Amino acid sequence: MPNPFKLASRECKAIDTVIDVGSVRIGGGSLVVMAGPCSVESEQQVLDTARSVAASGAHILRGGAFKPRTSPYSFQGLGEEGLRYLVNAREKTGLPIITEVLEPEEVELVERYADILQVGARNMQNFPLLRRVGQAQKPVMLKRGFANTIEEWLMASEYILAEGNANVMLCERGIRTFETMARNTLDLTAIPLLKRLTHLPVVADPSHATGKWYLVKPMALAAVAAGADALMIEVHPDPDNAWCDGAESLTPTNFAELMPALEAVVTAVGRQMRPTPALV
Amino acid sequence: MPNPFKLASRECKAIDTVIDVGSVRIGGGSLVVMAGPCSVESEQQVLDTARSVAASGAHILRGGAFKPRTSPYSFQGLGEEGLRYLVNAREKTGLPIITEVLEPEEVELVERYADILQVGARNMQNFPLLRRVGQAQKPVMLKRGFANTIEEWLMASEYILAEGNANVMLCERGIRTFETMARNTLDLTAIPLLKRLTHLPVVADPSHATGKWYLVKPMALAAVAAGADALMIEVHPDPDNAWCDGAESLTPTNFAELMPALEAVVTAVGRQMRPTPALV
Amino acid sequence: MPNPFKLASRECKAIDTVIDVGSVRIGGGSLVVMAGPCSVESEQQVLDTARSVAASGAHILRGGAFKPRTSPYSFQGLGEEGLRYLVNAREKTGLPIITEVLEPEEVELVERYADILQVGARNMQNFPLLRRVGQAQKPVMLKRGFANTIEEWLMASEYILAEGNANVMLCERGIRTFETMARNTLDLTAIPLLKRLTHLPVVADPSHATGKWYLVKPMALAAVAAGADALMIEVHPDPDNAWCDGAESLTPTNFAELMPALEAVVTAVGRQMRPTPALV
Amino acid sequence: MPNPFKLASRECKAIDTVIDVGSVRIGGGSLVVMAGPCSVESEQQVLDTARSVAASGAHILRGGAFKPRTSPYSFQGLGEEGLRYLVNAREKTGLPIITEVLEPEEVELVERYADILQVGARNMQNFPLLRRVGQAQKPVMLKRGFANTIEEWLMASEYILAEGNANVMLCERGIRTFETMARNTLDLTAIPLLKRLTHLPVVADPSHATGKWYLVKPMALAAVAAGADALMIEVHPDPDNAWCDGAESLTPTNFAELMPALEAVVTAVGRQMRPTPALV
């Protein structure tokens, strides 16, 4: 292999990395669910979503304040205002928050608010950004680029680890193929491959991968059966009027139905659902 | 959509197709497992494998007698002699048999021995073959071509259905992508998509898709969680000395461990493992 | 490499294979152009097209009588009647004809009419068909499967060569990728790779690859610059009313303009346009 | 189309954009060749390469000072020192220089030295970087992400154009597919598609796309035949000892042979090679 990864490898560290985010532990056997809207739209939207996913047992609140958008003419996120809404929701519900950071200069700001820093698929090989989050004090979730190999993904995690941040998790979110019925092809085979190659926790995002809400539940169950440590699920109180990615968002009701189904499968594979940290 | 499929569609037939193969029913809720060697190598090898997978609860015996091989210089299968070995194993174990047919002229011969006719990935758009198995009296399992869209796959099933054979099942076996760590990328999203679009049973083949035995169990579990009606699993009594695809074959011991794990997951999603028809 | 090709390799035969089709020589330096409609629709349509492409300097007439169609409900070709129309056009114009054969049983029939047997992309790994055309007396043009590697393609040619038919040419016609603006992605890099690996002539089909008539000329010129021995170009007297693939067909006028442009490029790379065999 | 590009479109501006870089004009008919090493290794290496490619007729000197590398343990470039070596070579030869910029904060520094700012494939959707180079005073060459669609590529150029920088050129450098014989699949069909959709100049990079020096010449010729306005070619005085990408680098001798071959093809398609600005 031309690019041997070191710090990310099982050879370097045999035991699973477990990442503590408040009282939530990611990795190490139990299943963690991150849920929330694609983008933060208003204080009320985030709070309503946070309360509903917390009531259903979610562990972490997701929501985008800085949005990477294909078009410069699309909504680019609320920025720091959005981060404040997320913090407000955390205070009201007890759910830690994960949100995306887009550039090295933004890391300091985002780190002041977020509990987990997300590096998105388009930035998987943004090496200055990887180095900068490697110097952060918060855990990092590194999404797989939609055309990146597993080897490249592990090498990207190596950039973060090499700067001293040991709390890295990897998130599979679908790769680009010729098939167009789903937005991307969720590569679940990556999960057992990663569990063999690396000690880092593995997350799956069936919402962005499929782009269709009715595919989220079966693919979430499949990801858990394949060994995922955590899931990332989009939930929106009113998907038809979401500012982005409404077609892939679950309603709070759909999400409430998903959680016990996930618990049944994770139990069937000899693991367990983690208790929610929510103040509910 | 430029090529609307008709007979395969839910619009044409809302209720799930259930295919009876002896006492085995494929589709309709319970899980069916097909297991056996990639290729028939000898009477003893097939019989030993059949007995061991039957003892573990498998429902159908798989084994190739006519093999499509990339190289003309590779082993091409035992032909009719291999079919006789499969029949012998069926008589001794009670397991119905599935085997591949490569060309229209061969269908009559294979149909005399096999319980299910398999059309392989490379032949998914071999239209004369599709028409010919459409005239056969036996059920057909149509594997997805490794670069074919779901729409093309359904159109290929339409060729079979249009000739009058209503007993068609579809088998996802991985698609070609840029990722090379596994042989192909198992597209499990195809399963819930197909369940929505068509009434035909859906099978998954994690062995050929991944090409690595240690990926078979997690991907088999994931396929069941995603909604597969049946699985196709390669089992060989001595994978290190298999004439083809040994690297992806489970040992009888691995397979024996897989079956209860599958039962746990299929139960968790509200379905059940079908009782084996084996004389054990 | 797991599947070393032998007879197709430069190691086996260093000098370029040159295939004689009547007075047309494919391979060996000069450029050959095959042109004609996607499918044979009527005696008049074929004859008109043949006369116009012959007048513009084409060397071989293409036209499908047996058509592989994604849907069983699409036009499947005129069959033997279509072959007779092609022969009629050959007699009137002097252009040898190339046409597709879909199954082993059809080879004998098609061989009686055609000068070159075409094996289409969907049949690149239809091994019984490859063996059967390997026993034919006519040259074979083997199209690359749209998801097949160059290695698999050479191995497929090996099936034909191993049966004794040394007159095989390879036709690049685009591969499947995530890009959807053109129908497929014409992989012109395959041309110099093949010229290095094999002695067999290499053809490019920019019409099927791109699916858009206005991309045919630049991609045809590019294929010649990359080293193609021959081109396959769809021409239809009335593309708007073609029974298949009209969007990618050149009008006779467009084709007449293409030919001198091709001659300029082939001359620029130190080769030459072959004289047409047409009785014009 | 969900993301209509505006400023990049032919609808917005029908006439070709021509970018002046010193006395070199990119776009508008004549062919421009950028050549040089993958990475700047030493003052002497850059100067030697610059002199040899200038003597052969190249127009612009390329060389990386900030290198995006898959592994954090690989050579990451000489940084500002490398930029000074490039400027030294420009002063000695008269060739303008193009070099890559990796992050927004670096733009100011790189802009002080370079004549053209290159945004690499991995940063095609690094939106903060796109915005920042959109505010720069120097032209930008935007490479296509190896898994990005043409539509996304045009939308990425829109980010730059929307900030006020009208001097954007697009560089095709290969996309990821299942084929592994060449590093990537050079998508030359993108060239005529882009020429139809946008007024921006189009560049092709056959060196990075193929990864093999012996494929560079045929693919460079093909790119010109397909309509490329400029080429980017890796040249290294000693490829066997290059610090990166030696396998794809031409020797100065190979490059000297390439230039008249390019001139022959560009003349054949009715255009011409631009005179070199070099002080030779």
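As written, the chain order gives the labels A, B, C and D, with residue 1 at the start of each chain.
Just so it is clear, a residue touches a chain if its C-beta (ideal position, glycine included) is under 8 Å from a C-beta of that chain, and two chains touch if they have at least 3 such contacts.
Model, not experiment: these values are computed from the prediction.
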* In terms of CA centroid distance, which chain is the most far removed from subunit C? -> A
* Angle of the C-alpha superposing rotation, subunit A to subunit D, to the nearest 5 degrees -> 180
* Structure fact -> Whole-angstrom distance, CA centroid of subunit C to CA centroid of subunit D, is 34
* To do: List the centre-to-centre spacing of subunit A and subunit C in whole Å, with centres computed as mean CA coordinates.
  => 49
* Got the subunit A residues that touch at least 2 other chains? -> 147, 176-178, 180
* Asked: What residues on subunit C touch subunit A, complex-wise?
  -> 147, 176-178, 180
* Structure fact -> subunit D residues touching subunit A in their complex are 3, 5-6, 68-74, 102-106, 122-123, 125-129, 131, 145-147, 152, 155-156, 158-159, 162, 176
* In the complex formed with subunit D, which residues of subunit C make contact? -> 147, 149-151, 175-182, 185-193, 196, 209-210, 214-215, 218-219, 221-227, 261, 264-265, 267-269
